[in-house]
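Note that the chains take the letters A, B, C and D in the order they are written out, and that residue 1 is the start of every chain.
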């Protein structure tokens, strides 16, 4: 996979290269306006967005999560790490309604997600990507992203059948926004290609764009760097930071410590379904419990381990 | 053939919508004129009346378009679609036949919306308990539903079983000379009506396809879990797919009942359902034009080549097997345009001059019909249950 | 006297007795003056005859278990293939009917003729039946493997989408059916019966015939053999491994293609046995399209019990066989299939993966 | 305990019924006085045959049509009819060098939806002057209005639903007795000759089965004490057997076709139900006897068809031409085809003329005298009872 340079976050629209600096700045502003409409990072930054409260999940006799409590704060990038089988993805699955908690609760801005229908959770503002990429293969990249925007659409069946004005307005806006998002993640030039025809790295970016299209308050990224080259990882880190800077809150499950330590504002560490640490990256990497969990080695050792 | 198909498809995709319409109108006019021309090699006479053969093909095409919504778009394997066709036909019969206990005779045009509504409701009734089921369970349950509809027509006395309903209402109109436009044997009027209905339904379905509805269906078909985790209310849209597919089935049932003028419980069996399925799959599930072609072939070929009716179903079964072995996506591959303003968006992206390039490029991969790479777990058929684990 | 000409009876003349279950005996229903000659609903179109249900309870149960055993044997074939390939092998009903023809042709080859019941010592008859059963197993087993090789394997090679498998299965079903029809004609084969049923003992007043005992016991035995094969043998472990996770199984050295072949073979063998029992119960059953409805029912049974689950197939088959009989007594003979399909829908509503749940692999875990 | 005693009593009653019915059967046989073959009529000496007088003249291309199933469901019935029609046409053409008539075949598939196209093709073929068919009542209903509008004479050799002649069609004629003739005859036979006061009427789900069952039930009145339904292609009848065992009738009338009747009688007999079993023409087929595997003996089979074994010329010619003996309705088909050919031989060259010819026809055929009422029913429609004896269907007596 040598697509690292082509997928780096810099503007990739062919047409953009012919733009002057001023035009370009203006264009970028348009893009981010479309990508993150009406977000103000300053407002409410640092307050609790998602509260995970004494969460316990059991499958048969197996306890996947055991009384886990932590917060995700507005405007931060939270890393969720731990050895294999620690319960990270289970945690994501609870957040997005794939599994239901055995006990405990999970609240987004005070609203419990524990019994909410999955698509309602998305509409409430939690979006995610998948460890093993799962795109809609029969659709183009652009169409994939538009599906994400549909989470916010209200067009009724008769409206669509008869192409009523609201339908037309929503469609136009959806395409605009989806194009902007593709540009934001840096794959706008592949908009017309079938999703599965995209290179691996671009598929990951497409998943992120699709998730962003649902206008989430919280974006959950499940091992976004898996299978990436070093250059790609750097580009990805850059993208994640850019997402945060545009006003999103990000929860990140990732094995690659360089990425985690490079972008996260705060880290929660899980081991065998229990939370063993929660703090700033520097605190966490020195936490003896965390070090012990990672095979008795240091977190630096773990960094070198490819998952 | 594959190459030729992809060329045609690429050519077509490269046209603007106006150009496409410009090409379509003469095609439709030709189709409307076809039974009048009755061209020597194409005609099914003397074995069977050519306009009737065409009308039957058109009804099957309408059915296939409706079934395509369910199977091709939403990916729900419905083996009991004939049940909806039957409900449409029976509703028409009950509301207009003198044999009906209801004792009313509504005009056909009044009945059609009622029939569509009734089938839509029955689609919802069938869908509500069953659409939470995974694919193969759904297949057997819908198959059971189709059988139940047939058996109810059989068992419930007021539905008259094998005795059937006579003198079902037809649309009322007369030619200047006073002869009826819509009759059982002179079906030119019915054929034209059917073609017009197909065009209208195609346009409406196209509108749906290029909206969040169509995208939701495709998303459900591609990966139901992910669709839901992307904010698609999958259950609701699956029920809509059933309801809309059912409504088209009801419409075709009403059309069929009107032309024959008689409905009984024959021909609503599983084998007929499977014939419908074959029409969809043969032409290319998910491709509206494809399913019309498929329906035409399934209906027309047995009428045209009556040389050995003995072997009809054998040939038919072999054709299905060979087709699946060499061209599983059907004669025309799957391709939906899912964005109302997609054309503009792509064109703007690549500049006006390059308009052909992206569509051409993608069309060649798609129009060749190559389905997206099949994921290994897809092949095994196990759709991953969970989100990401 | 045909006065009606298809006119419906006016609603006020349709007598449906308010007393449930006694409608048939209501004298008003039988009054000729009430009945229009052509559409005469000489009976209500649905009964609710609790009396008959109670009266026939044990007879229905015994008969249902015997007939349900045949469903179960065919259902095992569906469930095995489904467990390994996640494929509804639509053509399995034709594999079954090929077995039926295998039995029939063996009878012919042994010199039996359609019509009367031969007068032979029991020992000969048993030997002949076993012989016919073996032939049926070979025929069905080979046909199943051949079907797999010619129809499904090429698709797997091409990694075809799932729908393609199902359509191929439907196509194969048509082809096999039509080949039989072209070969043997569309009329049922003349009846050959070797073992007419005779009551052996009674349970609560309901006679149990030698045939019913044979079918039920032999089917249970076949099930135990199949279950043991899947659970205790090395090949069986391979089947389970592939059912659980084809890719991992392949990595762990299981020959997936071989496992699939074996699965089809086992399913075919069981269908062959079912064919023997079916023809013994229904001697008129050797007809080209005779497998279709039974196949659908057997598949229903498999889904009912939880497809992919061997015990589910057995349970589903028996439940379906019995429930159909109860339903017939309760509602009338023509409601049999409706009862079967409604039962399926109701069960799936409450247990979306069938009574015992899915998965060949997991149920053994 | 009580139930068991009841069951024992039931067995007694059943046995008594058996004895009674056995007596009745014998009585019937004696009344006929002589072997079964004696009852079958031989070919009437004045029967009109297809060959005519050999002086027929008609325009080349003159055709009559057969509309009916050839390859579809229940094709066997259609083939028996089309073969006999073909035989009549061939014999006619051989004898009349100046009038070569073509039989145009239209395969309707036997179902209403598929019947319209092929029949319309016949209607639109100006050389077709008359139609033999359609075999089934359902498809006849579907295309009847069109044939009537076209003024195309249409004689069915087998559709027996009485309602068909109540539609006001002026072109429709029936070449045999309808269910309203057969049904009451069966009912009377069961009551009077079998002396049964407690009869189970079992019907299938066909138009034919339901209509005929209605007729029989009506004639039987209160004696029709139990009713049961079977489905086409049903092969397992334990529930119905239970119902019969509970009702303990003195006779069973099955209204349907042999495909279901054969396993039904076999399973009834297996279950120890020895009640007299009566079936209609739909059951009267060699296949019934073969498929019932020895259980069919004693079954009584009625038919509005006249025994064919007496028509040796026809039977031999049919056997020679098609390799099989004529089946149910072959002779009827042969007769009605002959009537159409007669008209053509007389120089009729248009549909209206042929329609008129049939409407005013009065002549003897192999099976019966043909003369129709204005709505198209025959004036004279014999109904015969046959019986299975020693695995053969033999003629019992004329019952109506």
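Simple rule for what comes next: contacts are C-beta pairs under 8 Å (C-beta built on N, C-alpha and C of every residue); 3 or more make two chains touch, one makes a residue touch a chain.
Chain labels with UniProt names: A = Amino acid/amide ABC transporter ATP-binding protein 1 (HAAT family); B = Amino acid/amide ABC transporter membrane protein 2 (HAAT family); C = Amino acid/amide ABC transporter membrane protein 1 (HAAT family).
Predicted model only: the values in this text are computed from it and were never measured.
Colleague: Treat touching chains as neighbours and tell me the shortest step distance from subunit B to subunit D.
Modeller: Step count on the best path from subunit B to subunit D: 1.
Colleague: Taking each chain's centre as the mean position of its Cα atoms, how many Å separate subunit A from subunit D?
Modeller: 76
Colleague: Please compute the C-alpha centroid of subunit B, do the same for subunit C, then give the distance between them in whole Å.
Modeller: Result: the chain centres lie 32 Å from each other.
Colleague: Can you work out the whole-Å distance between the CA centroids of subunit A and subunit B?
Modeller: Centres of subunit A and subunit B (C-alpha means) sit 39 Å apart.
Colleague: Just give me the whole-number Å value for how far the CA centre of subunit A lies from that of subunit C.
Modeller: 51
Colleague: Going through subunit C residue by residue, note those that touch at least 2 other chains and give them in order.
Modeller: Within subunit C, residues 6, 38-39, 332, 334, 337 contact more than one other chain.
Colleague: Quick check on subunit B: which residues sit in contact with 2+ other chains?
Modeller: Within subunit B, residues 151, 154-155, 163, 166, 310, 371 contact more than one other chain.
Colleague: Spell out, as numbers or ranges, the residues of subunit A touching 2 or more other chains.
Modeller: none
Colleague: What chain-chain pairs meet the touch criterion?
Modeller: After working through each pair, the chains in contact turn out to be A-B, B-C, B-D, C-D.
Colleague: Which residues of subunit B touch subunit C in the complex?
Modeller: 71, 77, 98-101, 129-130, 132-137, 139-141, 143-145, 147-148, 151-152, 154-158, 160, 163, 166, 270, 274, 277-278, 281, 285, 310-311, 313-314, 316-321, 323-325, 328-329, 371, 374, 376-382
Colleague: What does subunit C use to touch subunit D in their complex?
Modeller: So the residues of subunit C in touch with subunit D come to 1-2, 4-6, 24-25, 27, 30-32, 35, 37-40, 42-43, 52, 55-56, 59-60, 63, 67, 114-117, 186-188, 190-193, 196-197, 205, 209, 281-285, 289-290, 293, 325, 328-329, 332-334, 336-337.
Colleague: For a test of understanding, state which residues of subunit B touch subunit D in their complex under the given definition.
Modeller: Contact set of subunit B toward subunit D: 44-49, 52-53, 56, 151, 154-155, 161-164, 166-167, 183-185, 256, 259-267, 303, 306, 309-310, 312.
Colleague: Please give the residue numbers of subunit B that touch subunit A in the complex, ascending.
Modeller: So the residues of subunit B touching subunit A come out as 204, 207-208, 210-216, 218-219, 221-223, 225-234, 240, 244, 286, 334, 336, 338-342, 344-346, 349-351, 358-359, 361-362, 365-366, 371-373, 386-389.
Colleague: Where on subunit C does subunit B make contact in their complex?
Modeller: 6-8, 11, 14, 38-39, 41, 45-46, 82, 85-88, 151, 154-156, 158-168, 170-175, 177-179, 182, 246-247, 292, 296, 299-300, 303, 307, 332, 334-335, 337-338, 340-342, 344-345, 348-349, 352-353
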